[in-house]
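A, B, C and D are the chain letters, set down in written order, and residue numbers restart from 1 in every chain.
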Amino acid sequence: MPKIPYSMKGIYDCELIEQSEVSEGVWLARLMGPQIARSVTAGQFVNVQVSKCTDPLLRRPFSVHAAYPDEGAFSLLYVVIGRGTRLFQRICAGEKISVVGPLGTGFDLGDQPHTEHIVVAGGCGAAPLHFLCDALCEKWGCEHITVLAGGRSKEAVLCEDEFRSHGVDIEVATDDASYGYGGFVTGLLSEVIGQRKGNESNIRIYSCGPHAMMREVARICHESKVANCQVSLENNMACGIGVCTGCVQKIKAPHTQQGWEYKRVCKDGPVFNAEDVIWE
Amino acid sequence: MPKIPYSMKGIYDCELIEQSEVSEGVWLARLMGPQIARSVTAGQFVNVQVSKCTDPLLRRPFSVHAAYPDEGAFSLLYVVIGRGTRLFQRICAGEKISVVGPLGTGFDLGDQPHTEHIVVAGGCGAAPLHFLCDALCEKWGCEHITVLAGGRSKEAVLCEDEFRSHGVDIEVATDDASYGYGGFVTGLLSEVIGQRKGNESNIRIYSCGPHAMMREVARICHESKVANCQVSLENNMACGIGVCTGCVQKIKAPHTQQGWEYKRVCKDGPVFNAEDVIWE
Amino acid sequence: MGVDLSVEVGRIRMKNPVTVGSGTFGFGREMADFYDLSQLGAITVKGTSLEPWQGNDYPRTVETPSGMLNAIGLQNDGIDSLINEKMPFLRQYDVPVIVNVVGHSLEEYIEVASRLDKVEGIAGLEINVSCPNVKEGCMVFGTTPQGTAEVVRGVRAATGLTLITKLSPNVTDIVSIAQAAVDAGSDALSLINTLMGTAIDPWARKFRLANVTGGLSGPAVKPVALRMVYEVARSVDVPVIGMGGIMTAGDAIEFIVAGASAIAVGTANFVNPMAAVEIIDGIEEYLTKMGFASVDDIVGTVS
Amino acid sequence: MGVDLSVEVGRIRMKNPVTVGSGTFGFGREMADFYDLSQLGAITVKGTSLEPWQGNDYPRTVETPSGMLNAIGLQNDGIDSLINEKMPFLRQYDVPVIVNVVGHSLEEYIEVASRLDKVEGIAGLEINVSCPNVKEGCMVFGTTPQGTAEVVRGVRAATGLTLITKLSPNVTDIVSIAQAAVDAGSDALSLINTLMGTAIDPWARKFRLANVTGGLSGPAVKPVALRMVYEVARSVDVPVIGMGGIMTAGDAIEFIVAGASAIAVGTANFVNPMAAVEIIDGIEEYLTKMGFASVDDIVGTVS
């Protein structure tokens, strides 16, 4: 079934069809939601109601980790960190959850063939990048893609097997050197770009992970003058749909007096060009 | 195992060991809680935390429906009417619930043998009266007890089989005359008392049900001069333990200027002598 | 046959009593993805100032028990953008638009009001003298009867549009401020704006909002909002738009029977983008079930 | 080795910074079934008046989102019963007792204070000029600096006990009232009392409280309480007892780093009768984990 090109943004009661722990404290939720599954693009997210009471009040945003348009399903990969994700985790397969989506502006996959695509994932930043690899493979072929996945330790590196099963190249970095490259994934990125000296203008980079990691990715990209670098940002979200202007990020805006303006992560992002972001 | 005579009032994490629908919208919950099971007396209640979030914030009070001191378990019989009871109903066997209890002042079973005990139940008022019958049977023998159970229709009469299996006499009244006596249970009560003309001073009456019903029971008892009539009242409860003075009822107090004072339903009751209550 | 949902707020005729809380609906564009905006009784757009305001630093929002704090600081693109970009979009819909007006000074309020006076599609102005998140102007006016009256009088002279004054709950005596606004020419009142609050991360020992304090909204504030709407509605003789924590039709009815002629759905839009239309349906259902012919039949009927 | 939990509020030495909200703990007797009251930093008992007060009609309480409204109306048995029945019970415990004082008139406040002055076991008086649920006296005083100062000055002259003034949040400028209380001789301040609110049954179109309005407490009000504690603590130089929606040790720490020297657990006692002692343990654990030697080390350190 072809993807429906127009936005199907809406509010849907989605049946949870799978809820499984893929790694300690990391869960994969699969939901039925044909409109979302068929229109969502890589880097977009959904806003999930984790409670039917007024506490916690707000929805929780999660990037789409994979879409299965034929089945009408999509999946989320999430880390249990606080009250909301704990409640999410307790919802059982068979129950229905209210989901708003698909939301936000996702990744731009480029329009030049023969580009090299490097995907830099930190922790649960792997979720949208997993979907991105699907889309990149489909558009450009998996052989043009390298995934660099980082984590504190071997266990914290998410989706490694899934990336591998896509058939993309993957290299792993662990802070504690327990597996793969020893050190931050950004160190690995520098090495990988170094190996491609002279070819930088042919490289597109996509990144999602901790803020500090993405800032470093942006710095490396800027210095090595890669063609394009996109980062998927986070911020506290009240609405997720662009009406509250709560989730803003300073983005360069040469036409303004101060040279930047506040853009909404939920609507204008979450994916931004790294060059446009004012890193703090 | 003998009942522990002193109060074991406390806050306990009780495992829910049974959650079953006994009639449409009426649930029986059995919980493990040895301290409560062994010290609770008929007419006392427990205060149940139905949510781990701050909404709904307050606990919900439920009378103890039966105590199983040997097993260390007790049961509650409750009607799903609002948000709190809906949440309660969704808790599954195996989960733990925080329960405060046993609370309040229960029924006085009397101290004269050969008394006739008449128990008047309306709707889910059957819950504490079921426990009461247990206690009365144990103390005085089941042959001295008559239960009058009322409900809108046959389905709304609760615990009929359970009362019967105690071996107590039971007569049923339904408002819609679909079963047993046709009319209010208070009409039945008048008849039953009428049958015992001359013996009224030997009758003790215990009642729990809708406010209007208990007011009528009190009126009938007053007029027919039965020895003693106790009613189990309800009111909005914030604390359930006697500290907020939120749950008060006007109770006659000849020593005061206005002739009455506010007493706490949760601590001084829920069971009061019908003669002492100022009915409004 | 069918109940009459329409209400009047000043000269604004609303097809039903439901509008939205300023700042919780943007300028409508994003919400139009979810439903046809013509279904609403009115649309109240984000606070609009003379020049673009960039708003406060982030974090700007934080969740609290049954509520949230915001310290957006009235980020908006200014009146030119409203007139040239936002209004043409909104004019596609058959719905009165109320513009929430903010300013750092009395002059700014007046200038915004006079420039909006004749803009097609704008039915009314909501004078925001109650936003807790900007340093100058705004709430400084709204916390005294004199300050409120001064702004209302100024704006009143500058426009023929229906004027709604939006009141702050952060005051000792909201009735005296309400009365001052009415005396100064306000055609209607709306309340409540947010309650000033804060939140702290105990481990980091840092405020959770860059602005330190923010405005509390959502179900948590409903009891306070309802009390104030009741107090104000029984004291003044202009229509009141009630808001503060309305999530359901039941909540809306509480405000209406407390005396509100119309209500606004705010934070609920974030939790359920369909909230406003579901509330309209729910009000209709309530009136039908209860046998009332119109919304007006129940306004202020609580006892 | 071990952290120092003790704090001082006026001349009251508390072994830890945790007391309870007046009116949420009775006079201690019922709570003694749950734990040894000597564990508390102090016990603040229910509002006490010269004569017995019967309180308001019922319903007196109603649940709201993450909170509750109460309109008890200060039912209490009066000062004689406090002295003759309640204090002998409380003296069994090694814990300072703070008596919350209420009155219909200035004279009543003064009389209660002077009669409590020398009662053994009473360490301090909390002057309640902020209860929203009685018609005369009380909050009428607490909503202006003058009214507050008048009561504090009167009571100050009548007693040598540590005086704590309990402030109402239902005001435009709590800092000026706090300052007036301190200038008039208050040794400390406690805040917040409840926020005035109401709730309606939409189907019956009736108020849910017999008294129409009541006081909002619980987690819903925490952001407002925390903001006010922060504002007051940085403006006055007497200790502040912070309260309003504290359910956990984390909440308590928020108030302490915002500037409170001590905190009170109120509505949380209803939800979890062990809340106060669990919070004491949690504060100790926090200080240990974070490497602080004492509570004083973190008071007012938010940034």
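Just so it is clear, a residue touches a chain if its C-beta (ideal position, glycine included) is under 8 Å from a C-beta of that chain, and two chains touch if they have at least 3 such contacts.
Fair warning: this is a prediction, and the values are worked out from it, not measured in the lab.
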Looking at contacts between chains, which pair has the highest count of C-beta pairs? C-D
Which one of the chains is farthest from chain B, going by Cα centres? A
Here the gap between chain C and chain D, centre to centre from mean Cα coordinates and rounded to Å, is 34
Whole-Å gap separating chain A and chain B, where each centre is the average of the chain's CA atoms: 57
Can you work out the whole-Å distance between the CA centroids of chain B and chain C? 48
Any chance you could list the residues of chain C touching two or more other chains? 65-67, 218-220
Could you check chain A for residues that touch two or more other chains and list them? 54-56
Graph class of chain-chain contacts, one of line, ring, star, complete, other: complete
Note: in the complex, chain A contacts chain B through residues 51, 53-56, 83
Taking the complex as given, what residues does chain B use to touch chain C? 54-55
Name, in rising order, each residue of chain C that touches chain D in their complex. 64-67, 69, 143-144, 170-173, 195-200, 202-203, 205-207, 213-214, 216, 218-224, 226-227, 230, 245, 250-251, 253-254, 257-258, 286, 290, 298, 301-303
Residue set of chain D touching chain A in the complex reads 65-66, 219
Chain A partner, complex, touching residues on chain C are 23-26, 30-31, 33-34, 46, 54-55, 58-63, 65-68, 70, 72, 75, 218-220, 247, 267, 269-274
